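Would you mind keeping the following structure in view while I ask a few things?
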Amino acid sequence: MAPYFENNGDRLVPDALQGFARAHGDLLSLDPEHGFLLARDTSPARRVGLLSGGGAGHEPLHAGFVGPGMLDVAVPGRVFASPHNRQVYAASRAGARADGVLHLVKNYTGDRINFGIAAERLAHDGIACARVLIDDDLASDSEEIAAGRRGTGGTVLLEKVLGAAADEGLGLDALAALGGSLAARCRSLAVASAAHTAPTTGERAFELGDGELEYGVGIHGERAGRTVPRGELTPLIERMTGELLAALDPGAGSEAIVLVNGLGSVTPLELYGVYGEVARHLDAQGVRPARSLVGNYVTALDMRGFSVSLLLADEETLRRWDAPVRTAALRW
Amino acid sequence: MAWTGPEPDADGWMRRFAASAQATEAELTALDQRVGDGDFGTNLSAGVGAALRRADADPGTDTDTLGHFAEAFLDEVGGTSGPLFGLLLQAMADAVGEGGWTVVALADGVGEGLAAIRRVGGAAPGDKTLVDALDPAAEALKESAADPARTPGSALASAAEAGWAGVHRTAGLRARMGRSSYLGDRATGVPDPGAVGVALFFASAGGEVRELAPHLSPPGA
Amino acid sequence: MAPYFENNGDRLVPDALQGFARAHGDLLSLDPEHGFLLARDTSPARRVGLLSGGGAGHEPLHAGFVGPGMLDVAVPGRVFASPHNRQVYAASRAGARADGVLHLVKNYTGDRINFGIAAERLAHDGIACARVLIDDDLASDSEEIAAGRRGTGGTVLLEKVLGAAADEGLGLDALAALGGSLAARCRSLAVASAAHTAPTTGERAFELGDGELEYGVGIHGERAGRTVPRGELTPLIERMTGELLAALDPGAGSEAIVLVNGLGSVTPLELYGVYGEVARHLDAQGVRPARSLVGNYVTALDMRGFSVSLLLADEETLRRWDAPVRTAALRW
Amino acid sequence: MAWTGPEPDADGWMRRFAASAQATEAELTALDQRVGDGDFGTNLSAGVGAALRRADADPGTDTDTLGHFAEAFLDEVGGTSGPLFGLLLQAMADAVGEGGWTVVALADGVGEGLAAIRRVGGAAPGDKTLVDALDPAAEALKESAADPARTPGSALASAAEAGWAGVHRTAGLRARMGRSSYLGDRATGVPDPGAVGVALFFASAGGEVRELAPHLSPPGA
C-alpha cells in the first residue's frame, strides 16, 4: 500500500499541484497541460522572467516561491526527477518577459540536460534565455565528482535575492551574472538521522543505526559520502558551521544570511535549536548572522535531517533580501 | 556468431523493451535506491508507457515506432535518463529511416546516439554511467557491420552481450558522473542502473527480459 | 541516545526558545526566568492582551503566532505538558493591557488547572482575566468523555481571528464572547499513519501496521479511539469532511475557513492533495472554502498525520481573517 | 495492623518519594505512553527534582520540607499532575504544621488535599484518575485516625496498601477524565499512571520503591 497519503495511480504530484493551485489561486495558476505554475502578478518593472524547476519532493521549493518578488514560473517534475524539456520550454514561453527568461537550475545532470534542451528550443524561437547554475552543496565539492556540487538549500536564498533584483528591472545578462556571484558566495551542508520513505517501496531509502548520522546528504535521499556518530547538537553544529566558513572564507566583519532548513521530519524545536547554535558559532567567528530563515524550505520528502546554508551578503544583497515578497511559502 | 533466434523488427523490439522495462521496474528502482535517488525504474517505466501510448495511437512502420519512442522519451520523460534514451532512440530512428533495417544502419544510429549522449551529458567511458554499457554495445555493432554475414538479430545479440559486460564492469567503478558520484566509494560494487537499462534495451531485441538478477553478475562470478 | 537533534540534559525546549527568540528578535523577546515570549509591538489600539500557551511539541503553535495581529504573549510548557501556573501568571502580567488579559486555552485538564490557578492570582492582583476554551476536536466529542473535546488544529484559526478583533479595540468580555462563538463554529479531525517519536524512549509512541490508520488522534501522540484501514485519499477525506460538516451543520451557501494541518512528518505534497479533496467535497456540499491555510501549524512532534479543520465564517470573520498579521509562522 | 518498621519523618519520606519517583521514571513514562501522552514520568521526576533543590537550599523542619515540596509542585511543575500533587502536599503541610506529625493531622491533610483536587480537577472516584488511589488512601487514614494505637508509620502503610488496591481497580475502568478518556475502551486493562504516582507517594513513607512492576498486579492475580 502507498506509504504516503495519496490516491492510487501515480497521483501524488498531480493531485498536490491541483490542490496547491486552488489554495493559492490569488497568486498563481496551473497550466493543466504542462503542469507548470505561473504567477498572476509579478512586478511590471521586470524585464526578465524568472523560472525555476526540478524534481518534486522538495516542497515548498519551487512552486511555493512563485509570486510577487520571487519567481514568475515554476516547473515541477516527477518525484526526484527533472521536468522534461517540453515542460520547461512551454513554461519558459509563458513566463518570458521582453528581455527573455532566466533559468535557475540546481546542478544535476538531469536538470542541466532538460533545461538545456529547452534553452535550445527557446533560442530557435528567438527568446533570449540564460542560466544560473546553483551549486551550493559543500559535501559534493570534490575533484572526484565530475558532476560538480549539487544544488540544495541555498536555492531559496538565491531565488529570493534574484527576485528582488529582477523587480529592479535588471536585464538578462546582469541577472545571470548576479546569480553566478551569489552562487559563488553560498554554501550548504546537510545531515540526516533517517532516510526518507521511498514512495515506490514504502521503506526508508536506507537504514541508519541508532545514533548514526549521514554527514553530507543531498536532497534526493541518496546516502551521504560517510556515516558518523551523531552526538550532541553543539559539536555537530560547530563542525558543520566550521566547514561552511572554511569553504566561504569570509573576511572579518562579514555578514551572512543564514538558512536552517528542515529536510522533512525534523521538528521546529530542533531547527530553532540548530539556529541558536549556528548563530553562536558565527558570533564566535566574527561573522554576523544578519538575516535568518528557519523552517522547511527545500525538503527531501520526509527525510529526518536538516541543512545549514550561509550566503555571504553585502548591503545590496541584504536590501534585496528585505524587499517585499508574497508567495505561498515566503512572504514579508 | 550464428544467430538462431527469430529476426526482430523494430516495432516488436520496442514493445519487448517496454515490457522488459515494466517487468523489471522494481529491480531497477532497487538498484537506483542503492546508488542514486531510487527513481530510475519509475522514470524508465513511465517513459515506455508514454511511448506505447503514442505507438498505439498511431501505428505505422517500424521506423514510426522508433520515432514514437524517441519523441516520447525526449518530450515526456524527465530525469537524467529520459532525454538520454531519447537521443539514442532518435539517432536510431533517423539512421534506420534512411538506411533501412540493416546492421549498418543500426550501427550508425547507435554510434550517433552515443556521440549525442556524450556531448549532452559529458560522461566518458569509466565514469560509471550508461555510457559504459552503450559504448561497448556500439563498438560491437560496428564490428558486426563490417561483416556482411551478420543479421540485425545476431548483431543486436552481440550488442546486448557487450552491454551486459559493460554493466558488470560498472560495478567495479567509482562514479565520477551521475548521482552515484556523490556516494564516493559507497557506490562501488553496485552496477550502474542506467547501464543496466541500456543492456536491457539491446537484450529486448531478442526477447522480453523478465528478471534482471540473472544478468547482473558476470558469468562465472 | 536522544532521538532528536538536541543537547543532553533536557535542553530541547530551552535551546529552541533561545534560538527562536534570536531568529525573531524583531518580533518578540524571551523572558529568561519564566520562559515566555512577549511581542514587541502589537497594536496600541488593543485594550486586551492576548495570551496563549500549552505544552511544547506543537510548534509553531503558540510562539510562532506572537506578533502584530495575533498574540501578545505565548507561554510554552515542557513537551506535551501544560506550563505551570507561575509561568502563566508572570506572562499574563507582562502581556496584560488596560482592559486585562484574555487566556486562549486548549481544553486539557492540565491547561485548565494551571491557567485557572494563574487567573486566581491575577484576580488577586486586580488584573482582569477571562478565558476562551478551545475545544474543536470532533473525535473527543462523546458523552463518555467527561473531560470534553480537546483543543487542536482550530486553535490557530481562533488565535488569528481574535487577534484581529483585539486590534479593533474590543473589550475583554466582548473578546471572550467572540472566542466562545468562534469555538462553537470550529471543528477538527485528525488521522495518523505513524506515531511521533517519544522523546524519552526514542521509539514510536505506538505502532501501526502497514496500511493502518489511527482515526481521531489528538496532538499529544496518544492513540485514537479506533484504528481503521487507511485506503486511498479520496474516500478518507470524504469521510473526514463529511463528519465535520455533520457536526457543524452549516446552512446552504455557508462559507468556511479551511485548515489542512500537518502533524509533523507529512509532506506538503500530501497536505495539498488533502486540501484539493477537502475543497472538492465542500463544493459538492454547497459550502464555499472561502479561505485556506495548508501547512504545519499545530503539530505533534514528528507524528505522521494531518488534521482538517473547518471554521464557519461570516463576513466579519473573513474580514478579520484577512487583516494583516506579522508573526514568525503566519504573515500577510 | 501492627507496624514494625522504623517510624518515618516527613523529611525522610519526601526524600524517599523523590528517590522512588526518579527510580521508576521510565516505568511511569511507559504507562503514560500506553494510556496518555507519555510525560507523567518526566513530569513527576522533574517535580521532585525541583522540590529537592528547594529543600536542599533551605533545610529546616519536617514541615518546611513538606512546604518546599508543595511549593515546587505548585509553582514549577506543569502538566495535570504537577499542580494536583502540589495541592495534596500543600494541604498536608498545612495540617502537619498545625497539628504536628500525628495520624490525625495526616488524615486531615490528605482529606483536605483530596477535596481540593476534586474541586480543581472535577474528577470523581471511578473516572480512572489519581483520585481512585487517593480516595481510598484518604479513607484508610481516616480509619487509622480513629484508632489512637496507630502510629504515622503504620497509618501510612495502610494508606499505601489502599492506594495500590485503588491502582488495581483503575486497570478495570474505562476513563472518563484525563487523557485516557480519549482512548475509549483502549485504556481498559492499564492502570492509571497518576494513581500509581499517588500509591508510590504513600508507599515511599515506609521505604524507597525501586520498581513498580511488583506493585502493579493485584496480589494473587
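Order of writing sets the labels: A, B, C and D. Residues in every chain begin at 1.
What we mean here is this: a contact is a pair of C-beta atoms (placed from the backbone, for glycine too) under 8 Å apart; a residue touches a chain by one contact, two chains touch by 3 or more.
Bear in mind the structure is a predicted one, so any value in this text is a computation, not a measurement.
J.: Once you find the CA centre of subunit A and the CA centre of subunit C, what distance in Å lies between them?
T.: 29
J.: Could you grab the centroid distance between subunit C and subunit D? Build each centroid from C-alpha atoms only and quote it in angstrom.
T.: 32
J.: Need the CA-centroid distance for the pair subunit B / subunit C, whole Å please.
T.: Chain centres of subunit B and subunit C, defined by C-alpha means, are spaced 54 Å apart.
J.: Which subunit D residues touch at least two other chains?
T.: Residue numbers touching two or more other chains: none in subunit D.
J.: What residues in subunit A touch two or more of the other chains?
T.: none
J.: Examine which chains touch each other and state the graph shape they make (line, ring, star, complete, other).
T.: line
J.: Can you identify all of the chain pairs that touch?
T.: A-B, A-C, C-D
J.: Please give the residue numbers of subunit C that touch subunit D in the complex, ascending.
T.: Touch residues, subunit C against subunit D: 10, 55, 77-87, 108-110, 113-114, 116-117, 139-140, 142, 144-147, 150, 198, 200-201, 205-206, 218, 220-226.
J.: Which part of subunit A faces subunit C closely enough to touch in the complex?
T.: 1, 3-8, 11-13, 15-20, 22-23, 56-57, 59-60, 64, 193, 202, 210-211, 230, 232-234, 236, 264-270, 272-277, 279, 292, 294, 296, 299, 301-302, 304, 306, 326, 331-332
J.: In the complex formed with subunit C, which residues of subunit D make contact?
T.: Those in contact with subunit C are residues 26, 29-30, 33, 35-39, 41-43, 46, 74-84, 120-123, 127, 174, 176-179, 181-184, 186.
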